[in-house]
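Order of writing sets the chain letters: A, B and C. Residues in each chain are counted from 1.
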Amino acid sequence: MSAIEAFLEGTIRTATPLALAALGETVTERAGIINIGLEGAIIVGAFGAFVSTGVGGVWLGLAGAGASGALISAVFAFFVVRLRADQIISGTAISLFSLGLTATLYRQMYGATGAALSIPTMIAASVPVLSSIPLIGRALFDQPPITYLLYLLAPSIWWWMYRTHSGLALRAIGEDPRAAAAAGVGVPRTQLLAVLFGGCLGGIAGGVLVVAQSGSFAEGMSAGRGFIAIAVVVLGRWHPLGVIAAALTFAAVSALQYLFQAMGWAIPYQAFLALPYVLTLLGLTGITGRAVPPGSLGKWPTM
Amino acid sequence: MTAEGALVADALVRAVPLILTGLAVGLSFRAGVFNLGAEGQLLVGAAASAAVSIRLSTFAGFLVLPIALIAGAAAGAFWAAIAAELKRRFHVLEIISTIMLNFIAIHLVSFLVRGPLQEPTHIYPQTVTLAHPARLPLIIANTRLHAGFIIAIALAFSLAWIIRRTEVGFRIRAIGASPMAAESAAMIDVNRLSWVVFCYSGAIAGLAGAIEVNGVTFALYENISPGYGYTAIAVALIAGLNPLGIVASGIFFGVLETSASAFQRDFAIPSSIAGMIEASLILASLVFAAAQKRYTLFVRREKPA
Amino acid sequence: MASLGLALHGVRKSFDKVVALDGASLAVRHGSIHALLGENGAGKTTLMRIAFGMIRPDSGTIRINDRLVSFSSPADAIAAGIGMVHQQFALIPEMTIGENVALGGNGRYDNQQTVKRLAYLAEKMGMRINPLSKVKELSASERQKVEIIRTFAHDATTLILDEPTAVLTPRDIGDLFGQLRAFATNGGCVVLITHKLHDALEHADEVTVLRKGRAVLNALTRDVTQSTLANAMLGQIQIGTTPLSRPKPSPSINVLQLRNVLLRDRRGIGQSNRVSIDIRRGEIVGVAALEGAARSLLRLMAGRIEPTPGDIVRPASIGFVPEDREQEAVISDFTLTENFALRNSARRSGRIDWSNFRHRTEEIIEEYDVRTPGPNVRMSGLSGGNQQKFVLGRELAYNPDLLILENPTQGLDVNAAAVIHEKLRSVSLLGTAVVYYSSDLDELAALSDRVIVVTDGAIVETRPDRTIIGQSLLATIRT
């Protein structure tokens, strides 16, 4: 595999879980809710995948991941939609709780030292013809099937958001829940569903880490992806296709190290590890002036 | 010193960074600034303090320690100022920027302890051990309890006094409770004050890092913080952002985390359960607040049409 | 006699401790335009928001076509054939007209189809709109048209309009009532929320008057006169419809000078004309304006914004009572003492003297008859009227040379309004210049020494007379 191919392959691998989580968060934020608990949904999803894959294989693993992510997000939804608690505080608590919960369950179920257990992983399935396109073929089309699901998911979410009445309602709530309610939209219900959907995709993102990448669970393996996904949503300007582009960009910058290592440049590797975050910050400075977030994001206007 | 006494001292040692970062988080939240970057600010504070302690140890004498602590605070303030400036100029949400800066700080420390600050043999990813003049004195002999505990308590009392009894403290509470009213009725420059508070918050977190290096670890290495800056959010919220309450919850969490380690050793109960308990307490406090319908930070009330 | 389309009976609703509706009733016949009349704060909007499912009543019944219904959200009300045109908050500015109209529907959203249906509805109503333009680009009257079209698109049979004429030019008002009449003639019900007697008498078939949350009069419009309605609205207490005689302001010492200032709207867009004005010691100046047009003028005077471009000379001490009290004047979760300390806190430093502030808060409670258990209770525990009295007391506690108020008695009960009017008169006699905006022409006429009318960034000075103010407001629209 050439350095370029390794770079592209690494980009897609890093981007897949990130894009899944960020797409889900896009839907949540379009309903006016910022879910900092996404990190929690990812780690819980990873653990859920780890447990359920052992029971019924990789697809049940991913289903378990989605269900666990949705479940922990239901707790978040209870706080922010039902109790109208502060979104940042609730989300932070959910993330901390999930990290502690998964670590505790893991040690209880698999021993205090957490001996590295392996589970079956999702085998890459190459798409005929497409995977033989030079350079990008293998990177894009010789991947675990979940990646192909992502290729379908992004345009579907876009279509749903802009071509259905329920998508319209979602966007309206994000801009102004009072006005949306006055127009006959069921605000709390839609917000609940948006949070659950975001949590489900976050959970699946965690599941991807386990069943399609590492083949095992490790404490804290979400490694901040939930927070990065939230930044990716901003970089993608709250638009499903923009978010995919932003996730790919972030992943590409992260994968640059493969290229530079191949070239033998003597730059400290930590610089490459930090680069995606630095560029995200720079990207945010360029974006936030021009792209306007959903009007009610993070706030609770008095109804 | 009895075994129990040593355990208590250990819990208090553990509480010091929790109290300090808790105060940092509490101060910023009070002003309506969601500084989730105490972790990163602590790390750069620890790095700056370690660098100063090592470089100055030969000629600064007893001044090494205060200079090192100030350097740590300054580095933390600088790290927070990046996020504050991004917010002021480009409206970048601080909850995102501070977390990005946490990751950058982790890689920065990793670079330093494998590069410019690595110990001379270049075997271990850490700095040399700090010389004695750079170390914080112990409060109780034969324990690990150091003077940083007194600094934390003193800072908590000062902040409590400032918030309750001074004009600037009142302004901080006002911009946190209602930025619009603070601007309109009190004519406070909200952007400027929240910028300043953000930096002070970073300085306190940076000081926490410096005290950890100069009081406990005596060296800088990766993973010097087991997530103090994140636990700090729980410490501050459970205390209702009240500085003296933060002392109490910081000590409580210190006891919780040290005894969780002991429980894991003795009874095979995972120490990670401490994190669950902390988060559950935050959630419980949210339910309580919703029931009380008191804090606008948490809950809005139904208003007449 | 036609059957009832919408009937509300014995509706009660309290917010915190404030009673908004105290057993109010309303019955609207099919095929009629029904005016719901009342002063600001009488409960008109609250009653109609209950009919629209936005607010749940504490008790009382709602019937549609003689069938008992219960709404838990506007979606239920819309499904039952009710449409409401709100004063504010009802459209989403970032979205297109088409999207706003389609909002609340189900299934696939087809832009083309929405555009077609909109074009059809608009033509039927004789309106010209571009479904693809964003709502934020529309004027207030265009937004209202979009709201009306939306209710038709949802097949509403009962139409509720909240103060619809406030934002319209006389010609648009004519068009609007033409459309409403056509809608009623086809069997629809129309409820017109208004505080303008003229609107009710001119255009409605039947009228219900609310006062203090109760229906105090229900009659066919042809059976009532202007004075019957006015008496019903205001009750026994007539808040002076004629100006009280008071000493002329002391010889002209200017406390405030505005020179060639460009007024800007909320979005920061400059208006066409430059404004110059002097405010003199001890005078009470009323400001009349259509929705929000006076905002930047008053805030310039109060020092909350700076003129760009233009010059302004302000006195040393200015008091300011903003319209949105809970957002801008007080912090609900702070105590009264803390809220007193809020003022000027940016200019003080060092230790804060709580006992002094508590003492001065107690003085305000005493002097302004603020109903509260004491200075250390939270602001949120006070009713709107008591909050407003407190805010006025706080602003006057520093003996300002100039006092600026935005709609100072809006939504207040008669007693609180009377206390505030009385205070404004007495401080002006002591030399404080008072400038206030009011949406209530009667208040402007009763309280002011002179009135300035603001529209589109231009100002005209008139006498404090209700009819003249009203005419000036309308005249400036036409230009």
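Just so we're on the same page, a residue touches a chain if its C-beta (ideal position, glycine included) is under 8 Å from a C-beta of that chain, and two chains touch if they have at least 3 such contacts.
Bear in mind the structure is a predicted one, so any value in this text is a computation, not a measurement.
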- Tell me which of B-C and A-B has more C-beta pairs in contact. A-B
- Query: Which chain is most remote from subunit B in terms of Cα centres?
  - Reply: C
- How many angstrom lie between the CA centroids of subunit A and subunit C, rounded to a whole number? 45
- When centres are defined as mean Cα positions, the distance from subunit B to subunit C in whole Å is 48
- Note on the structure: Whole-Å distance, C-alpha centre of subunit A to that of subunit B, is 29
- Would you pick out the residues of subunit B that each touch at least 2 other chains? 301-303
- Note on the structure: Expected list for subunit C, residues touching two or more other chains, is 54
- Task: Would you tell me which residues of subunit B are touching subunit A in their complex?
- Result: 34, 36, 86, 89-93, 95-97, 99-104, 107-108, 110-111, 114-115, 230-231, 233-234, 237, 264, 268, 270, 272-280, 282-283, 286-287, 289-290, 297-303
- In their complex, what parts of subunit C are in touch with subunit A? 52, 54, 73-75, 77-79, 84, 86, 89-95, 99-100, 102-110, 150, 154
- Query: Which of the residues in subunit C end up touching subunit B in this complex?
  - Reply: 15-16, 18, 20, 45-46, 49, 54-55, 303-304, 320, 322, 326-334, 338, 341-352, 354, 380, 384, 411
- Which of the residues in subunit A come into contact with subunit B in the complex? 34, 36, 75, 79, 83-86, 88-90, 92-97, 99-101, 103-104, 107-108, 112, 219, 224, 227, 230-231, 234, 268, 270-271, 273-274, 277-278, 280-281, 284-286, 288-289, 300, 302-303
- Of all residues in subunit B, those that touch subunit C in their complex: 165-171, 173-174, 177-178, 180-182, 184-189, 294-296, 301-305
